[in-house]
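You will see chain A twice below: alongside chain B first, and alongside chain C after that.
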Partner chain A sequence: MTEGTISATFDVYRHDPAKGDRPRYQRYTLKLSPHTPVLTALLQIRAEVDPSLALRYSCRSAICGSCAMQINSKSRLACETHIGPEIEQHGRIVVEPMRNQPVLRDLVVDQASFWKNYHRIEPFLKLDPAHPMPEGRPTSMTPEEVERFKETPRCIACASCYSACPAVEADPGFPGPMALAKLYRYVVDPRDRAHQDRLVRVQADGLWMCLRCHLCTDSCPKDVRPSERIRDLKEMAIAVQGATEHGSRHAVGFKDNLRDRGVLNESRLVRQTYGTLGMAGQLVQGLHVLRKKPEVMRKPHPIEGVDQIEKIYEALDRPSEDGA
Partner chain B sequence: MRIAYYPGCVAQESGKELDLATRWVARALGIELVEFPSFSCCGSGFVDEANEVLNVAINARNLAIAEKAGLDLLTICSTCQGMLTLANLRYPDPAVRPRVEAALRPLGIEYRGSVKVKHLLRVLIEDVGLDALRAKVRRPLAGLKVGAFYGCHLLRPTDEMGWEDGEEPHAFEDLLEVLGASPVYYRGRVMCCGFPIQFVKSDVASGIAGRQILDAKSHGAEAMATPCPLCHISLDAYQNRAEKKVGAPLGMPIFHLPQVVGLALGATPEELGLARHLVPTEPVLAKVPPAAVH
Partner chain C sequence: MLQHEVVVVGAGLAGQRAALAAVEAGRDVAIVSKLHPLRSHSGAAQGGINAAVGAEDSVDTHIYDTVKGSDYLGDQDAIEFFCREAGPTVIEMEHFGTIFSRGADGSLARRAFGGAGFPRTIYAADRTGLALLQGLWERLGTERFALYEETELVRLVVRDGRVQGLIALDRRRGEFEEIAAKAVVLATGPAGRIYGRTTNAHSCTGDGLAAAYDVGAFLKDMEFVQFHPTALLESSILITEGARGEGGYLKNAAGERFMSKYAPHVVELASRDVVSRAIVTEVKEGRGLAGPYGGYVHLELMHLGKEKVESRLQEICDYSRHFAGIDPVTQPIPVYPAQHYMMGGIGTNIRGETNLAGLYAAGEAACVSIHGANRLGGNSLLETLVFGKQAGIAAAAYAAAAPRPEMHATDLETAVAPLRAWSGRTEGEDPSALRTEMQETMDRYVGIYRNEADLLEGLQRIRRLRERFERVRVVDRSTVYNLNLTDAIETGNMLELAEVIVVGAYARLESRGAHSRTDYPKRDDARWMRHTMAARGPEGPTLSYSPVAYTRWEPKERVY
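Now for the complex of A and B:
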């Protein structure tokens, strides 16, 4: 073996649904520098071993977001994932297409649902004529206003988050982490006149389906932190509209629940979320759990110093003036 | 070691068996649990969604209680671990700290930010140590195939929770091996249990729980174990719903972390509150020989 190279085994997902064949994994073994990006290795396989391998890529510099795929089960950019650490940790490199999108061929997925969800949030400015126009430039913002976008402008729409998201997997009605992170960016944009409409719409359209598992934040190659922006949207939506959905009623109900005892009163929380009538739908499950866990119906003892909790709520549980 | 014991709400009520097992394991390992009846709920991720600064404040109060006693803080719930860690991380933010301090100061509470928040899993591995634990095993788990189920907030965001790889952890599996079990690796072990949306769309939540249990099962798991009582609710107390949703019988016993540890250290099922589970654990217990008498 050439000095400084390692023997790298790739098990690459191969599937052509148009041919009606079954998915399979094809093994390729190459001698490469451990610093080689997975994308470079795949391109070498295509150039030298198997020209039929289909993959999507463009810039090779982690800018275009085209080459996202699953590398040893993690949704990552192939162009910036080096083979050395993967081989060291896993002994081989399993390369698969992104999840949550149908495979067109091999590593290429149909991104239609990803883009459709992105367009659902209306990813364009709806200019507010009332926004001040310093120096006559209608789109100017102060550095502080730009800061409010936080990390979202870094997003390159690679769909790694969409691939990693268990809420997308479980419910096609969930817009996905990237769409919601982008929505946040328009909601806090001072030039946009549709802040409130956007929040009202998203509250009823999937916002509360986020599981806050943070897999999106872990998988994002640009540290956009979608799960944290989704949290921000939830708080802003409640501030603008109040709790209108089961999800927001549960969050607000939970918050109010702690206030008088300092600990959770489980049975009261069910009533707060579903309402007295809605509790009937939970009755069967309630009785099922009650058999072994009678405490679910019991009011817990207040904590010592529960008056402090009340004082903290009095000081901080007021929506801020800008609704954020 | 002495550590402030933060049981969290569920372990004090419907998940009492977790508290019971934790106390047993702590006694067996010489960990002194210092109790504070003034600890409040951590907000469970829901208060954070409704009001982030309020959530930091109630947890800064919890952390201040431990700090005043000069103790670090032990959690036994992935979500408590996540929320208290998050409070430590958000507290220094100039947009947060002044508001939190202004709320706490009139109550005579000051938090300097010095408390380390540690989940039991981490304490077992880093403070007790796997070798010391191995020496105390009285009832090796006989190669029982156990699928660890971590609970999101213990792991992620990885850069903030600052411990294990959020998508490929191994701490729990390392621990299971020391206890004599055979850890089962499956994708679902780091996934969501469905609990956060149990109140939003319960059928979707149950589908998510069912998917993870099926995944563990298809990889050979005979039981699962979790360091999070909220995951336990989703996987055990609501397993009947998950079965309906995935259209398959699951019958998967779900252990709390200290229950599997306690079992291997020689505790009886009664001492660990195993009869309180909705999915019976007896079929699994029957596979593990009784504790050797020393």
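Now for the complex of A and C:
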């Protein structure tokens, strides 16, 4: 706990679409202790300067997931972001609404698409009449089985990941990191009886749209690591169904390619991903590559020490201790 | 106008459980909640949920511990029912999908909690509320019901002693909804934000309590306010009792485990009222630590080891690191008591019925009473589920036979006219300023230790604030997410409830559980083993008293 105050400048996004006004940034300057959370500062602005500032907030302890917003261009919870380091690094604090969701007013966004995607993965236990829950007692679950959930039960549905995700921005068909982390939570649940069906369905319904940029994991205030769970889902999906999608075929082709020669064979990878006939659809791009960088289209020679790669693959293919 | 058979207000655990029960009974159900259900304050509950499922434990011991914890103000018939439902309730939540922590044999893991004879608190790390909230919401999501999200209760409509529906404000559209209902279940949680030093979320403003009181429901035992012993200094963020349940120590400035003086048998695991008073006494008598945010004591977890602290108290590690800048693996956590829970609430029986036909209440908004003068840790999550379900069942049965509700065009106007007046003013009182003054008043005059002079001063101040509230002004003119307007609605509600708390505390001339009168330091069973019932009168609350239900447990002195 620190004493003394600093002068903190906030540039806060203001917009009331219902009034038809244009978005603007309003500047507020407050004297605050450096360990003041941004949420506390915004509430002080509301109480002392401008009661019309709109934001979502409730618990102020990073458990209700209400106050996610962009703070100096990063998706953060306002309640656990302290002003001191922000001022030190950026000189001021720019506060904006989350991305990838339309603004209702100021810092409040419409979360309908976020919640819709969450429900889309069917977040509930699916049972099988042949395996009912035990009568009058809880299901037995070992601590090791609980470990398989990883950090997904910590998710507070704040949508920081949804805001940070470029795949959500590029394609509204992508369920988003939170929904996929939630799906993972059901796929590893020993009580759920629809693991295979869930994996087969998600392969064709957005799983491979993830760009593996890890911005979701970076922005998560609860260390849920959605990108790692998406990776796990991809592996599990291929294991149950094989590579049936462009995305999974590309991943498998990539792996086989490296195994053989230690370097990518681009034309083979395109064929593996899209199939021989499907390659026709890639013709324009292929010709473009051929003109610019003809060498990548040639069949490469195996690199020196390619046998070592085989050993790495063998080690990776051994089941890990946690069974994931 | 919208219409449903059963409308549940509030979507925390009690509200969701009530809604599920009413849906399962075949009724047309709607949930009205000012937050998205997953953002409800139930999710902030940390330590666990009590159920005597261990081989060495028994339901009777759970009942006895709860009766004793209540300082003999809990209704023993209700407590018996409550404790018997505990096992089935936890099992049901497990079957719904809740992810609990487990023992090595695959059973539900249990930890020790204050005032409990055995380790009977079942948990999910230190985020049990979140785990239950997710499990229940995901189960409820498989059913059909209407959800009015971010919609705030403004007023109940009661005609001929029967509930007819309610008026609510949709925050996102800024429109007032008229919702006709045969039965209404209030599950709006507590009013902890009456206090400044509180572990409660900003949303805990007692909307349902105020609405019920307004139309003639009784508020019961409102003077019994629980202060949690271990809230983080300054922010008052909760540090779970589970931290002591896992073996944490409380130490004063001299490094003494001072609880051994106050509770020689169970030390840190005494009941919450006992531990909170001990901390305040240590600080008052000069044995606490001092800093810019006032006196405090240390909660030490260092001796438990990094592995245990980081796995079982994962969120506590985060809270301490983020909100107090300390690492509990290597440093003591600075703590001081803060308002945490309201034992009182809308008076109900075990079916959630109030004194008004068609009006039900459950969870922290209700007072059954099972907690009496002091609630045991781990019993509130259980209460939300046990009595949420009962209220849902009762409301559904009532609605199946109730006549068609009658809403009049004037109902909306009656509810909304005062709000329009607030917005039409060119000068007046600022709701935030009134709220802050109320919180300072309650912290200072109606805290852990109380006396006649303080309570009288507190009452006069709250009454002056209520007069000033008559001139409240809303300056924000927007329809969308107008927090200035909802601040004003909530502040008005809380001022009314604050008055009920102070009047009840002033009248009760004894010390029992969380109500400690320095001028009446002894419990007085002959005169005061009875519930306070507050009804709204023209000059403020009028009090009456009702008997405590007895079954098997004779009142004894409480020693821990």
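Everything below uses one rule, namely that the second predicted complex is superposed on the first by the 291 of 324 C-alpha atoms of A that agree within 3 Å, B and C clash if a C-alpha of one lies under 4 Å from a C-alpha of the other, contacts with A are read in each partner's own complex, and residues count from 1 in each chain.
In this section, a contact is a pair of C-beta atoms (placed from the backbone, for glycine too) under 8 Å apart; a residue touches a chain by one contact, two chains touch by 3 or more.
Remember, predicted model here, so these are calculated numbers, not experimental data.
Partners chain B and chain C, brought together by superposition on chain A, fit side by side with no clash.
In the superposed model, A:268 makes contact with neither chain B nor chain C. By the document's definition of touching, of the two partners only chain C reaches A:108; chain B does not.
Residue contacts after overlaying the shared chain place A:57 against chain C, while chain B stays out of touching range.
In the superposition on chain A, A:250 makes contact with chain B only, not with chain C.
Contacts of A:234 after superposition on the shared chain: chain B is touched, whereas chain C is not.
Legend: residue contacts after superposition of the two complexes on their common chain; A:317 is shown touching chain B, with no touch to chain C. Applying the stated contact rule after C-alpha superposition, one finds that A:119 touches chain C and leaves chain B untouched. Superposition on chain A places chain B within reach of chain C only down to 16 Å, the least C-alpha distance between them. Chain A has no residue lying at the interface with chain B in one structure and with chain C in the other.
Across the complex, chain A is touched by residues 9-10, 12-16, 37-41, 43-54, 57-58, 61, 99-100, 102-104, 106-107, 109, 152-153, 155-158, 166-168, 187, 190-192, 194, 196-197, 199-201, 204, 207-208, 211, 237-238, 240-241, 275-278 of chain B. The touching residues of chain A, counted against chain B in their complex, run 73-74, 89, 166-167, 170-171, 208-215, 217-219, 225, 227-228, 231, 234-235, 238, 245-248, 250-252, 254-255, 258, 262-264, 266, 273-274, 285, 288-289, 291-293, 295-296, 298, 300, 303-306, 308-309, 311-313, 315-317. Taken in their complex, chain A has these residues touching chain C: 1-3, 16-19, 35, 37, 46-48, 51-55, 57-66, 80, 104-106, 108, 110-111, 115, 119, 123-125, 133, 136-143, 145-146, 149, 153-154, 156-157, 185, 189, 191. Taken together, the chain C residues at the contact with chain A in this complex read 35-36, 38-41, 43-44, 88, 90-91, 94-97, 99-108, 124-125, 127, 130-131, 134, 138-139, 141-142, 172, 174, 201-203, 233-235, 237-238, 291-293, 314-315, 318-319, 322-325, 334, 430-433, 436, 475-484, 487.
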